[in-house]
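Take a look at these structures.
Below are two complexes that have chain A in common, paired first with chain B and then with chain C.
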Partner chain A sequence: MGSTRNLEHDHLWLNAHTDTRAAVYTFSSCITLSDLNADGDFKLIVADLGTGSTNVKLKVYRGTSLHSETALLDVPTGVTSFYMDLSEPRIPAVAVASGSNIYIYKNMRPYFKFSLPALDVNPLERDLWMQIRDEHLEINVLVELLNNLRIEIGHSQLSTRSQHILSLDASEAASFVQQHSKFPLKRQTIVTCITTLKKALTEEKAVSCLVVGTECGEVLVLDPEAFTILEKIKLCAQDNTIVVVPAILAACGLHAVEFRIVAACRDGSLRLARRGWTEAKLLVQLPAQPVAMTVSAENAAITIALMNQTLQCFSKKGKLQWIVTLPAAACSICQIPLPHQSATIIAVSLTGGLLQLYNGRQMVDVIKAPQTVSGVVFGRFGQEENALIMFTVDGSLMVKILKRTAHFNLQGSASNTVSVAPGTAQQVKLQIPKKTRLFLDQTMRERDNCIMMHRTFQRDLFQLRVDVARACVRALQSCNNPVSLEGAEPVKLSAQVLGLGPLFKMVISLQNISASSLVQGLGILFHFDDKMYSMEKPYLHVPMLIPGQEYPFETMIRNISELALSDQVRVLVVRDGQSQPVLAAIINMPVCDLLV
Partner chain B sequence: MDPVFSALSLYKKRKFEECVTTCTELLDKNPFDQAVWVLKMRALTEQLYVDDLEAEEEGIAEAFMDNETIAESARPGTSLKNPGTSQGGSTQGYRPWTQTGRPVSGVVRPGTQTARPGTMEQALRTPRTSKTARPSTSQSARTIRLGTASMLSEPGGPFIQLSRINLGNYASKPALAKPLFLYILYHENSIRHALQLAVLATQACEFKDWWWKVQLGKCYFALGLMREAEQQFRSALRQHQCIETFLRLGRVYIRLDQPLSALDVCRTGLEYFPKETTLLTEIARIFEGLNNMTMSVKYYREIVTEDSTNVEAIACIGMHHFYTDQPEMALRFYRRLLQMGLYNAELFNNLGLCCFYAQQYDMTLSCFQHALSLAKDDDVADIWYNIGLIAIGVGDTRLAGQCLRLAISADSTHAPAYNNLGVLELRRGRVNEASAFFQAAASLAPYLFEPYFNHSSLSHKMGDLQASYIVIQKALEAYPNHVPSQELLRALEKHFTFI
Partner chain C sequence: METSRSEYSNGIPSRKLIPKPNEPSAKEPELQTVESRNWLLHRHFTRKEFGICKILIQEELERTRGKHEYANYIQGLILRQEGKIQESLDCFQMCHSLDLKNVDYIKQVARSLFLMGLHSLALEAYLEAQQASKVPDWDIYHNLGECWICLGDYTKAKESLRQAVQLGHHEHSYVALADTYKMEGEIQAAIDIYKAALEITFRAAPDSAQLATSLGLLYLQEGKYQHALEKLGGALARDPQCARALLAAGAMMQNHSDYDVALSKYKIAAQSWPESPALWNNVGMCFYGKKKYVAALSCLKRAHYLSALDWDILFNLGLVHMATQQYASAFHFLSAATNLRPAHAGTFLLLAITLRHLDDPDNAAEAFKQAGLLSPMDASIPLNYAVFLESQGDLDGAALQLERFQELAQMSPRLSSELVQTATQLSKVLNRRLMSSNGSKVEGVDGNDKSNMAIEVEAQVRVRNPPVDSSPESLPRNHMADDEV
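Moving on, here comes the complex of A and B:
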């Protein structure tokens, strides 16, 4: 961006609500807005990932307050709300995809659980597990045969149980087999992404189908009432052994008429499926991994943020329209439809807390958040139609409202990339000082007396070598080395003193700098004037040191002298039963500041 | 001879101890002799007087607990807090940074050690030895140590009992009040009482005496009340222009982190006192703080034309020449310092380096040997480190390694030595040791970019791309314009986004 315009328009957005202590950790796919009670008051439904294993909750915000929360069993991959039927009042359902199930909530109560159909288990694999159950087979033979099978059909075609046993040690395999062989063998796939697709009507509250991407490389379209599979689309050709897993899904159109499902896949491909297709078509192979994607409802143009810090737009036929280089890595994307300006703006959240709004390739606004925004959605929240909801990586929630009078400056220069004229970089002169007259004189002197100078230098160098060797020996003898010399213990010592005094904290860190050998049986001893300092732990025991790891040891030291003087403290690393210390360092203690 | 006259004569000869004893004897005879009383006060004050303008140093508490800070991220070149931001300044690429993360200065002053670190933790973490630590507040033990008198009990009680004295009585007598004020400020170091006296005295003279206003400003400054101090100094300057007042007002602005205002004040001062070296020095220092070395050196040159024996100016110009690739010029300036009678390890160290880089090899090593023989505990590490550099230049890596190890054994927190030792180990193919040394250097000196870059490129070669990526970002944080780091980061990003 060569533009120097200040794009921050504070007058466009109102700060409606900020809660820095919301402690909701989530992504865009797990946030949705929905009129849960059919009263026109839209709620914010968000799946909180908690710590990633615990505290996983489905939270509903009504206005600025937390309305309800429901515990979830597993980490969700997506949350979406949709209308299942035409019954009055029109209460939408909330679908939470998690593991291999989709949980449907109505009125925020569990309503239905849809499990993805089990996959076929390889007959040979089933046989093997049958045999081991009836104890006709040794465990190591089972592992070997499974390994052969894996090479033959591929790792992802095995059941999770076989995958797991192949990753175990021989010792653990036996107990694993004993525990699990009694149960029938199943092969389950899991949901990777979820979205909705209107069934027959385009209006806002029309019945929608769920569109689910699975780990086995399929996209399923589910009937909203009966939860039968209406369409099953493979993402790659049948004979292809490499499974293409969808990472992000987007759908537009109507299921009954004509629809397009775009899947951004983990191998960096964009694949398109349309009504009646059983196999998806490769639309385009991306140059980098996709991060987030949206598909425009009007012209089915695909805007996608990639890991190489670019935002790219493709036409519905997969033709690259434009590329914008982002100033930082993108985290998520959301669409901001502005019907009154007949435009759709794309908000891209960047690492570092910037949120850039693009109309096409032109940046129209910038919003600054205190932290990287991990999840962002735009839509109707409460009574307000244009609300932008942001969750940051540190778990805070921000709601901004687009002013009714807001008008984005959509007519800008067509191209906002200012190209630097070629050759300007070469025209910048480097500031190299000129060689002075003095330098020339000295060079003359050097040329005239070269032999003498060389001899003097060599003589001095020899003298220096002797001096250095002597100093080294002295340092060795006084054990004054924080880093071991060759042949000794491969340990490095560093020390730090923290605090203002008279109480200081001394942090000693030891590191084993050898490639593979362990060091053990060391201790740290402090040598100091006991009239000046008193120490909490004058001796510290050192555990075994693993190569490469740095071990910090802490102790407190107090200056007890009446006068505000400072002294040296010697740190000695000693080996049990050896009188000569291994390493040593002198710490010049800071003067302590006696506040007046 | 009249004992009063002899005491006066002793005072003029700067024999303060003897003057004080004579005065004490006289006061024992006649406790109400005001002339002798004042003389004793003056003598005691002179004994302990320190140039508080030179010794001034901002403490940690002032840096963090001030509520005057306005902008967190100042515009480039307007703040002393981030010297790297100014345009056209020197970069770390060719001028190394000191332990507190500022460009190396030609002379060590209290101010050059007082970088303004971003966080409290960073401030406390900076290697704190008895030589480099900054005080926690400017009114701390250090100031007291400069004027220890108030801590040592005198026989027969203190000369003046501050708590008993009636300041109001003295305030209206200028001949008594001024020496008393100086005594309270410098000898007793009691700013509260001094301020009280100054307020009373300035009221007594109906706000017409500029001297009292300057003293009031001094007290406010010491108490950290910068805006009040500014007001007093400004009002004093309206009545009477004095170099000290200009300097003090400049210091107020520096403390408020408004170096440009400080420069303005000094320039106004120069209009009244053209070519005044103290004002020129102040300007040069501020430019140095802003990392604008060209301007700084320009003013230092002006100082040298006025005062050809100004050590600070000569040293700073020499340093500037050295780091702008003109070691032969630097050599001339340092030689001038030597001729002026300066004889210490730092100077010989610098001379040695200049000789080496100006290709006067016959003098190089003898300079370093002089430096070693003169070195005290705290700078011997730097000298070994520089000898290590010479050894690397000569190509004797074994000698270099030994020198660097000696540097570390003299100062176990010498980060550049750790870094160079790491590079030497790497050349010998000992990767683990090298990596450990780089890590040690980085943890000791997070403001150096070299250890980060070395560590990152080593990790990159070893295939640990994740570690390399994390570390290179730190290198760029320390030195955003380092091109090899940027290239490495770009290469890594390509690795990560490549399918």
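Moving on, here comes the complex of A and C:
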């Protein structure tokens, strides 16, 4: 029964395949499922980032085994499969975006390479490079002028070549110029994300356009056959200097009829573009950076995982629908359509290896993975319709299959979850500290004898106060106080004895604690039993003391007695021509270790 | 060619030239675009995979010799999250030097300065950002407001925050603006801000329980209990675990002597807030209201342990100890309370009654006088004083105080019946004793009356309960506000 089932994945998911040694470094955007050979056997295509710079491969899994591998030139940003044309058999193409190019594969063989259109180069910059090519300009002048240009327009607005030469030393610049100056200056942008958009029909195998987000803040819609740019949408208003870079793209609708492209951007904004727009509209400013996003095909609702450990859902108009706080940082998201339950649930993978499945704001299932799941997709794999493919951060591959009989408990609505929470808290008992029998006995005793107790206490308190006052007066009279009082010199004394003996080092530090007045004419005198100790300098002259500064004075003292005894040493701070000391302190000397 | 020959001239050809010595190649050697891996940095950063992210940043910075805006930017953000503000500032300054016009970099520099406590520098930076930004930016205005608050200029803070609110409709700006008004004591203005905030964020965010709670608390402060209860109820409907709202709602229930409901609220709040002194104080006073003194003492002592210098808790401890007739302990807590708040008449009144029980009439009389001085309009003080004087045999003094009580009682019509009852009883006794001023029967009557009086004094103490309860509960609100900051 659905209602009694607890949140355990074992009931719903079958473990189809686990390969802990797949060693694939990838993201959700680099995984796709596709019927590559048009034989109904869906393959798993995954771009492996390898080490992040080398060993980059496009891998195809057929069933549980690795079917083929293709080396890639650069780190792939995204992989997607789509139908380019109407030719039979219906073989889909695979698009791999990396750097500033999109490589199209058909039958897993390179088919076409699309390069993003070059950006405009600043005319001044182009001019400078022309001049250096024709050797009208010194190299150091070029570098200086480029530097000026950089300050004016910003580092990111320069071409790659200029950026490079600015980072080089003067010695390297010459050879760099020689190597590059003959070629035309280009400024390239980078693909940051890629997705697909159906062209005219909604069918599963209909022709789709590629939708590409670029580093220069544009979204391009490409024609699948001719690879011409059908739409070019700028993400931010013309007059804004900050480039808004898309981080995640999602598209729904049909290109020929009406479509919506939602871009989650690096500045934490969610922007929407629709058919006919050349500029995207700011939908909502998110409170944190976006991590992963999906857009529902039915009502264009946007579900987005943010860096502040929340999952938020927005309507297509950008109105916040709900927020769910996640127990850990989110890593990726994937949609799980359940046509038999006419619902789409959303799987969120969390740091630590948890995969939570949400229907709306309600969590319906939890899948535990041994490691954080880095990339997750759901779809048709092999002959199986409902397969969940997971790649963890340590590179292992897991395939789970949703049971045909699986039934998620979707009945509990949003309002239900709210009322459940306090119920559980209600059952918890308030932890009141317990009291012992003894406590109660003492209470009774106090109740009976409170007057006597009060009086005893008051008497003892007064006695204590009197004793303290007496001790204080005595100390003041004998000048035994380490901090002087008003009237006398504003000086503070502290002493330290270092060493194990018989030779000790005595460090006396004096500090003038007044706000502004200087103290002059003081000396430090040591008073001790000369049978016990001998001292290097029994009198130290004190220079003028500046307020606030602490002055350390050091002297050596040697224990000369045969017996392992210790005695007191009195430190007196005296003023010239005054019989009573300003300050005094008694130092209890440590027992010296005769073995040393 | 001339330039290349000079490269060879020192005998060792430059290493760069070795691969293609005489190849004027048709293709330009590929230069990796600086931004080519920004997307990867961003992805790892947002997934909080800072370890990998740092390695990648290091690679990118080495490749571009530090001239990589985005890598520096992300590094700054990571360092800030790790609490290394100074290092993050260096990163953002690097970004800024690469692109002087980018407002975001200036904002981040300012933010780092703000976090380092250099508010005036941060303010300057934000002003610079404001100038650089072509479109008005709520974030800059908001942060300017925060800087002004820290620098103590509330007028300018309000101005900036108002701009921020108009531009952005962001919850934080509303809260900051309302806080500024609260600090200046303009509660009504703060309430209006919160109302506007709730209206707007309700459209944007249905889960704004915190805002509703803050508004509820402000209403409570203003004494508008109906409004407060509405808002707190709304907050709890949105987030049933919201401890602030639970505590405040519980306190309101407690004020209406609905102790069981209040306790059930506190029970939930205790799950998320087990170390709140205000919470334990209120729980303790709930038990006191239910006459479960041992439980009350346990809870109050925990509250006292959590916040030893809290005046309310000390006062309540004194009160509960009086109820259990532990006068010696009560004296301790009450005297501590008077030391912390020497201007509160109620503490002196309780202290006086305690001292009376501790058989210290001189000090008791002093305490009564002090209480009367501090709160000359409180009717219960002269009545208690009269009872005390009567028990001491000072009948004239007692009559005088009783007269004073009656004067005050006429001015405040809504006086507790218990007080009035005690007063009539006392006046009867006084009349009887004044008439038989030197009779032999006096002593017997005296003894009898005294025991009566003693009970009446206890009754007096309990009359003081409602105000006692309310004061500790007004405090938790302040606590919560503090916690929020």
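Basically, the second predicted complex is superposed on the first by the 405 of 596 C-alpha atoms of A that agree within 3 Å, B and C clash if a C-alpha of one lies under 4 Å from a C-alpha of the other, contacts with A are read in each partner's own complex, and residues count from 1 in each chain.
As a working rule, a contact is a pair of C-beta atoms (placed from the backbone, for glycine too) under 8 Å apart; a residue touches a chain by one contact, two chains touch by 3 or more.
Here the structure is a predicted model, which is why all the values come from computation and not from measurement.
In the superposed model, A:Glu225 makes contact with neither chain B nor chain C. Look at A:Gln163: by the touch rule set out above, it reaches chain C but stays clear of chain B.
With both structures placed on the common chain, the touch criterion links A:Ser566 to chain B but leaves chain C unconnected. When the two complexes are overlaid on their common chain A, residue A:Leu498 makes contact with chain B while staying clear of chain C. Of the two partner chains placed by the overlay, only chain B lies in contact with A:Asn308; chain C stays clear of it.
Look at A:Asp267: by the touch rule set out above, it reaches both chain B and chain C. With both structures placed on the common chain, the touch criterion links A:Met453 to chain B and to chain C. Of the two partner chains placed around the shared chain by superposition, chain C is the only one that A:Phe183 touches, whereas chain B remains out of contact. Contact with neither chain B nor chain C is seen for A:Glu258 once the two complexes are overlaid on the shared chain.
Taken together, the two complexes place residues 267, 289, 307, 432-433, 443, 446, 453-454, 457 of chain A in contact with chain B and also with chain C. Across the interface of their complex, chain B is touched by residues 267-268, 286-289, 306-309, 432-433, 436, 438-439, 442-443, 445-446, 449, 452-454, 456-457, 460-461, 463-465, 467-469, 471-472, 475, 480-483, 485, 490, 492-500, 509, 511, 513-515, 547-548, 550, 564, 566, 585-596 of chain A. By the touch rule above, chain B contacts chain A in their complex via residues 60, 124-125, 127-131, 133, 135-137, 139-142, 144-145, 324-326, 328-329, 332, 358-362, 364-366, 368-369, 372, 377-378, 387, 394, 396, 399, 402-403, 405-406, 408-409, 412-413, 421, 431-433, 435-437, 439-440, 443-444, 493-494, 496-499. On the side of chain C, the complex with chain A involves touching residues 3-4, 7, 14, 16-17, 24, 28-29, 31-40, 42-43, 45-49, 56, 59, 64-67, 69, 98-104, 134-135, 168, 203-207, 237, 240-241, 263-264, 266-268, 270-271, 274, 283, 294-295, 297-299, 301-302, 324-329, 331, 357-360. By the touch rule above, chain A contacts chain C in their complex via residues 27, 52-53, 74-75, 77, 99-100, 150-151, 153-156, 160-161, 163-164, 166-168, 172, 174-176, 178-180, 182-183, 188-190, 192-193, 215, 237, 239-242, 245, 247, 266-267, 284-285, 289-291, 307, 319-323, 329-332, 351, 393, 418-419, 421-422, 425-426, 428-435, 440, 443, 446-447, 450-451, 453-455, 457.
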